[in-house]
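Structures incoming, each one as C-alpha cells.
You will see chain A twice below: alongside chain B first, and alongside chain C after that.
Take a look at the complex of A and B:
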C-alpha cells in the first residue's frame, strides 16, 4: 500500500499498512447496523454477546436480540418496563438476560419478561445505570444506591449511605471482579467491596478538587465515575475528566492533550486482558496504557486510525470504513470482534490478529508498559 | 481592626478543629443523609500558605477560571496543577441538531421540577414556580401567529433520594424540550445525570450547591449565583475588609450546609486564616447551648451562619444571650423576615452575602415587580426573579431554534451574558452565573444592600 503524505500534516497511510508491534489487534473494518437492519432506534446505549452467541442490543427505543442475522425487537409492548435500555448482563448459570432501563429492571428468561420496580421489589430506584452478576447474585447500580438480588431466593438487599462508606447513594456502575465488586459512585470515586467479608474500601481522587488534577497517577482521576471495567487484575475507571487504571498497587491517569486519550469525556470502558477499549465522545480508543489506537470518523465521514506509541511519531491511517458516530455509549469485545453502541447506530468491528507474542487476556505475556511522556 | 493571631493561639487551632468535628459527630449524625468521617486516607492536605504568598496568576482559557475565584483564594495557588478543567466549555459532540421537528406538536412543553410542596423548601419553591409561570404566561400572551404556545409540565420532588431521577425520566416520556429545577442540590444532581442520558437541557434558577456543575455534564445552565460567589464575598468582607481572623462556622448538618460553606471555609484558609471551628446543628434544633459552649473556647471575632432562618435566627439570639460579641455573618437565607423575628436584637449588625439589591429602582426591576404583584398579589423576591429570568432565557432559545433539544442545548450553552430582571448575568466555562453579587447589612431595623467591595489584596483572577 502506498502511504500519503499530507502537505505539512501527519503521515497518513491506509489502515492495512504495517506499523509498530501492538499489544492488541487493530480493527480492520466496520459494519453498521441501524433501523434499516431492524434495530428499534438509532441511539444505541449498550451491547453484549451472550454465551449462546446471541447479540443483545439496548437502544433508546427498546431492546433487540440478533439471531440468525436478524434483529428481533423486545419493546414495552412485549413487557419491557421502559423503552430506554441502559445496560445488559447475562446470568451464565441460568441463561437469563437482565436489562436495566430508565424505569425498572427486567429479566428475559425463556422468552418471557419479568419486571422489577422500586415499588414492587427491593430495587433501590427505577433508574438503572449498571448491572453485574457475581455467582448467584445480581448487582444493580441505581440512582439511589446499589441493589443486590439473591437469584436463588429472590431476596433483595440495598447498599447505600446507611450501611456502606459511600457518602451519598448515587451509584452509576458496578463490576464483578473475582471475589469482589467495584462500584462506581457519583462523586464518591470507586468502592471496592468484598461481599464475603463485608469490607468496603474507598478509592478517591486525592486532591479532592474537581476543577483541576494536581498531580498525575496519584489515584482516580476524578471522584465522578461514569463507568468501570475490570479484567486480568486491572481496574479501569472512566470519567468525564479522563481515564484511570489501577493494577492493585499503582494508579495511572490520562487526560486529553496530556496523553493520546482523544477526549476527557469518557462514557464507557471495556477491559479485555490488560487492554482497555475506551468509548469517548470523540471516538474509540484502545490502549494498554502505553500504546494507543484511536478510531474516529472525520467530519467528511472518513474513518481514521491514529496510533501513538512512546518514542515514535504519531501515525495516522485512513480506513476504508468508519464508525457510524464518534459518540460511543457501550462496547463489547472478544478476540475476534468488537461491537460498539454509538449515538447513531451499532458498529460491528472486525479485528485483525495481533502481530506480537502477547495476546488479549494474558497480562503476563504482554510487553512491559513504559510510561508515556508527559508534556 | 485587624487582630493578629499569636503563636500560642495558632497552636490551639488543631485541637479546636478536632473538638468541633467531634461535636459535629456527637450531635449531628441523625439526619437523613448524615456526614461521615472520610474512610479514605490518601487525600492530600492542602498547605496553608501565609497571607500574601505568591500565586501563579496566569491561567489560560476562554472564561474566568472556576467561578472567577479571586487569585488569593485559589487552591494550591503557587503550584501549576497537572491539568485544569473548564478553561473552555465542553461541547456536546453527539448527533441530533438535524433531527426533524417532532410531528403533530400542539404545544412546546417545558418541565418544571419543584421541591415538595411541604417542608423547608416549599415556600422558596413556590416563589420560583411563580416566576416561571409568569414568564410562560407572558410569552404565550406575546406569541405571534403560527407560534405554538408553551406548556408547563409540573412535577414536585419528594424527599426520597432518587425521586428526581424518576421525574427526569417522566419529563423525557412527556417529550419536554427542556426542564427547569430545582432548589435541592442532590435532586438537581440526580436529575442532571438522567438529563445527560435523555439529552434534555436543564435550566437551574435556585440551587446554590457549588458542586452541581462540577460533574462535567454539558446539559445545564445555572443563572442563580451559587455559594462560591457568596463564600468568596464573605471571605473578603470578613478577612480583608474588617480584618477579622478568628472565624467560626455554625451550619446546618445537611448536604446544602456541608456543600454551601465549603467555598467560604476554603477561601479563608487560603487567605491564611483557617476556620477555627465548624459546628453543625440539626434542622429543627431549638437550643444550641452545647455548640455555643464549645464555640466560646475559640474566642471568635467572626461567626458565619449557614442554614435556614428557623435555626439561624435562634442561633443568633442565643449567641448574644450567651455573651458572644463576635460579628455575625451569613449567607442569603439570613435575609429573611423569619431570621429577623427570631434573632430579635441580635439581628442588628448582621451581614449577609446576597444576590442583588431588591430595592433597585431601575425600570426593568420595577416593571417586573409590578407585573408580578398584579399576577400573584405579593412582591417578588430573588427566587421568583431568577425563575423568571431562567425561563425567559429558555423560551427565547426555543423560539429561536425550534423544538429540537440539541439545538436548544446549543443555544443555551452559547450564552455568555444576559440582562434579566434580576440584573446582569455573566456565565463561565461551566455555565454558572459569576456576575458580582451584593451584600446586605441589617441596621436600624432594615436591610441595607451594598455593592461588593473590590478585592483588596490582589486583583480578581481574570476580567
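Take a look at the complex of A and C:
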C-alpha cells in the first residue's frame, strides 16, 4: 500500500549506516512514573499538559497533577465524581481542567471541583470517553450520545441517534477542528459536524466490514472508532482494526499486515502537524503516513525502535530505556517531549530534534541524534 | 293564568334541579378532574380561571426613587459618582458643596462603579443590561459598552504589566468577566461561586478578589459555604477558590493596604439548628472574614455583641493606612468601625484554636470595635476619599449620601439625592423589610434570608418543637404576589398572616409588626417582580425551549398514551402564575414531614431558585425528575429520554 520495500525482512542497523530523513523527532529516552513516584495507580488512562505547564494525569485510581516535580492526588475525597478518569481537556479561556470519568464529568477550577452527572444536569450519560473545547462550549463524548455544555449559559444540548445521522449513541471521541467538530462513534465511523449551521456529515467505512479493509483508502478503515485526532487540517482515526487518515478530500488507511503499523488494535492517536502518534497494544508508532518509527518493549524488557521508510530496509535499534508497557492508552506531545499513558505506568519521552538530510544518523556530527544502544 | 303559573313553576323547579344536578355531578367532577384534587374544599373557580398577572402589584407602574447604589470617588476627592439604579442614572456630586452637579442617563440599571487611576473614565456595571459601560467623566458620554455575563453588579479596575484590566462580578451567571483594554473586550470568563457580588483588586493590581453572596449548592444536611474567588488579572483566570465556611451574603470585599489581608463581611449562618434558637442567638450573626492572601489562612471574627446584633453587614472600606475598617450594617443602620491594629494584636496572641473559634465568641467584638456610628435607613455601599478623611455612606432607603469624618467619626453632612420616598408604601415597606428593629436583639431582617427579596439557597427548620431535623427550603419572594396561600403546607392564606403574629412568635421572637408597617411590608413584597429568566432578549423561544414548552403542556406521552389530568405539568403549574395555588402530593414526603401534600410553588423565575422541592433535596431542576419522581407522581416523566428532559428544563428556565 505504501510502496515500502520490506524485502529481506527487518535487520539491525549498524552505527555506520545512514538512516532516512525523518519528518518527526525520535525519542531519545524514556523515564517512567508509577505509584512509587506518587501516581495514584499504575494503570494510566490519559495525560495532558495544560497551558500553565502543569501535567495532568488520569488513572484508574484518580487524577494527579504534577507541579514542581511532584504529583498531587485528586481523588474522590477531593470531590471527583469517580476514581476512573478516562479523559482530560483544558479550557484555554478559563484555565479550567475538565475530567471525564466512568461516572460523571468534573470541572477543576482553581482547586475546586464541580461535578456534573446525568441525574443532576443535562449530561447525556455518566460514562465519558472524550472531551473537547470549542470556544465557549464543552463537548462531551458519552456512552449515550454527544453532549454540549454552553459554558456561558449552563445550557445543555444532546446529539444522538434520535436527532442526527449518528448510527448509534456510543460516542468514543470528539475533537475540535477549527469551525467544526469530528465525532468518533463506536460502531458508526466519524461524524463531521458544523455547529454554526447544524450540518452533520457522516464518514463511514464503505465496505462496512469491521475486520478487513476490503478496499483500502476508500474511507475510514473501519466503522469502529476508538479515538480521533486532528491538527493542521488532517484527521486521524484510530480503530481496533487499523488506522485512517483524512485530509479533507482523501482517505488513507493502514493495517498491520500491509504496513509498518505494529498492531491493528489502535487505542489512541495524537496529531501534531502532519504526524500521528499512534498508541497500540503493541507499542507506540510515530508516522507521517510514509515513514514510521515504532517503539516497543521486548519480552526481555528492552526498548526497541523500528524505523521503516519507503525504499529502505527496516531498521531496528535497541534503546537504553524502554516503555513501561506496550499498551498505550493516551498520548500528549509537543516539540520537546511526549507523555505516554500506558497500562502500567506513565512514560515521559524526551525528543531529539528531527534529523536533516546529510546528517541523518551521524551520531558524531549531530549531537541531537538519539543516543540509542545499537546492535 | 293558573296554567301559565304552573308551567313557570315547573320550569323554575327544573332549572333549580338542573343546577343542583350540575353542581352535584358535572361541577364536582370538573373541579376534581381539572384540579387533580380529591378534597374539593379548597378548590374554586379562581384557582384556574380569571387569573392574570396584569392585576398583580409587581406588573403595575410604581414610583421610582433616587436610590444610591455604587459609589466612586475621584482621585482628587472632589467628585463623588453615584449609581442610581432605580433611575437609570449616574449622579455626579461635588463633595465640598455636597451638591449634585450633573446626572447622566445610562440604560440597564447601573449598579457597580469604578474609576481609572486618573479619574478620566468611569466604569459602570449595568445589572439588567448585562454590560459594562465606560463613561468619559468629562461629559458623561459613553465611550464603550462591553458585553459581560448576566447580572453584572461590581467592577474593579486593575493595572497589570500587560495593560489595564476590569474584573466584573456577574451575579446571575455565576462567573467573572475579565476585560482587557484597547479596545475593551472580554479576556476571560472564569467560573465563580454562586452569585458573585463584590470585587476588589489587590494593591499591586495583580490579583482581584470576588466575594460570592450565596452558598454553594450542596446537600441540605451539609454545612453550607460560600466562596472567595481569586483572579489573576494578567491572564484572566481564577487561581484560587476558597470556601467561607458557614458564611454567606458577602456583599463587599476590600484589601488592607498594610497587610496581606482581604476582608469580607459575612453572615455566619447556622441554618440547621431549629429556628426557635434565634432566641439564643444561634441562627445567624455578623462577622468579618479575613483571608491572608499570602498564606491562604482564613479566619472569621465577630462583629456582633452578645446582646446586640448589627444585621446585614454590607459595604466595607479600609482606610489608606490600613488602620481602620468601616462596615455598613444595612439592617441596623450603623457603621461599625474596626481598629485593625487591635484586631491584629488579638490574633497575634491568640492560639490557633482561639482564632478558629473566634467567630462564636460574641464577647470579642469590644476588643477591636471602636465605634458604632448611626446612619439613616439601610446603609449599603461605602467609599472613602483618597486620603481617607471622608467616609461616604449610601443610605439607600433615604435617597442620600451621608458624609462622615473618618478620623473624628462625626457627621459632616449629607448629599441629598431625592425626597426619601416616604409617601410611597413600597418604599416604606422596603424599609420594614430591611430593618432588624423588629427581631430579637436586632439579629436579622427579612432581607437576611431574602436578599433583595430573593432567597438564600438554604433550608431551615421552622418547626416550633425545637427538635430540628425538619428542614424546609427557603422560597424566593420574587413574584410571590397572587400566589397565596403561603408556607410549604399552604396554611397561611395571605402575606398578612404569613408575616403576622405567629411568624413574630416563632422567628422574630418579638412583638409582631404593627399594622401600618405590616401593610407596607406586604405591599413591598407584592411589588417584587419575578426573578429574571433565561428567555432571550427578543422574547422568542429557542428550538429546544419550544420543544420543552410542548412537553410542559403535553396531554399525551411520547408513546401516545394519555397523561392523567392530575399528572400533567400544566394542571398544577397552570399559567400565568404556573401555580393553581393548591397543595399536591407529588410523592416527596420525607421521614420528618407531617403531610404528604405540599403547596404548589409558582414557576416564574424558577431557573434561579435552586435548590428545589419542599425540603431543598433537589439541587437542580433535573434532579426533581431523575431522582425524586420514581412513581411519576410529579408529572409523567419516566418515559422521557434525556433530550426531552433537557428541553423541559430549558423551557422552565424561560419562565
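Convention: the second predicted complex is superposed on the first by the 337 of 375 C-alpha atoms of A that agree within 3 Å, B and C clash if a C-alpha of one lies under 4 Å from a C-alpha of the other, contacts with A are read in each partner's own complex, and residues count from 1 in each chain.
Following the convention adopted for this analysis, a contact is a pair of C-beta atoms (placed from the backbone, for glycine too) under 8 Å apart; a residue touches a chain by one contact, two chains touch by 3 or more.
All values derive from a computational prediction rather than experimental measurement.
Peer 1: Identify whether chain B and chain C fit side by side or clash on chain A in the overlaid structures.
Peer 2: fit
Peer 1: In the overlaid three-chain picture, which partner chain does A:264 touch, first (chain B) or second (chain C), both, or neither?
Peer 2: After superposing on A, A:264 lies in contact with chain B but is clear of chain C.
Peer 1: Which partner chains sit in contact with A:102 here, chain B, chain C, both or neither? Use first/second/both/neither.
Peer 2: So A:102 only meets chain B here.
Peer 1: For A:94, select first, second, both or neither according to whether it touches chain B, chain C, the two together, or no partner.
Peer 2: Only chain C is touched by A:94; chain B is not.
Peer 1: Regarding the shared-chain residue A:144, is it in contact with chain B (first), chain C (second), both, or neither?
Peer 2: both
Peer 1: Given the touch rule stated above, what does A:65 touch, chain B (first), chain C (second), both, or neither?
Peer 2: Neither: A:65 stays clear of chain B and chain C.
Peer 1: Quick check on the superposed pair: does A:352 touch chain B, chain C, both, or neither? Answer first, second, both or neither.
Peer 2: The answer is neither, since A:352 touches no partner chain.
Peer 1: Does the superposition put A:158 against chain B (first), chain C (second), both, or neither?
Peer 2: In the superposed model, A:158 contacts chain C only, not chain B.
Peer 1: Is A:219 touching anything from chain B or chain C once the two structures are fitted on A? First, second, both or neither.
Peer 2: First partner only, chain B.
Peer 1: After the superposition on A, what does A:207 contact: first (chain B), second (chain C), both or neither?
Peer 2: Touch status of A:207: first partner only.
Peer 1: Once the two complexes are aligned on chain A, which partner has more residues of chain A within touching range, chain B or chain C?
Peer 2: Greater contact footprint in residues on chain A: B.
Peer 1: By how many Å are the closest C-alpha atoms of chain B and chain C apart after the superposition?
Peer 2: Value for chain B versus chain C, nearest C-alpha atoms: 7 Å.
Peer 1: Shared contact residues on chain A, chain B side and chain C side combined as an intersection?
Peer 2: Common interface on chain A, chain B vs chain C: 118, 124-125, 144-145, 160.
Peer 1: Mind pulling up the chain A residues that touch chain B in the complex?
Peer 2: Within the complex, chain A contacts chain B at residues 45, 82, 84, 86, 102-103, 118, 124-127, 142-145, 160-161, 165, 167-170, 172, 186-187, 189, 200-204, 206-216, 218-219, 224, 239-242, 255, 258, 263-265, 281-282, 325-327, 343-344.
Peer 1: For a test of understanding, state which residues of chain C touch chain A in their complex under the given definition.
Peer 2: Listed in rising order, the residues of chain C that touch chain A are 149, 173, 175, 188-191, 227, 229-230, 235, 237-241, 534, 544, 619-620, 622-623, 626-627, 641-643, 645-646, 649-650, 653.
Peer 1: Would you pull the chain A residues touching chain C in the complex into a rising list?
Peer 2: It is residues 93-96, 107, 109-112, 114, 118-122, 124-125, 136, 144-145, 151-158, 160, 162-163 of chain A that touch chain C.
Peer 1: If you look only at chain B, which of its residues touch chain A in the complex?
Peer 2: Chain B residues touching chain A: 33-36, 38-40, 42-44, 65-66, 75-76, 79, 81-86, 90, 92-95, 160-162, 165-166, 169, 172, 186, 189-190, 193-194, 197-198, 211, 214-217, 255.
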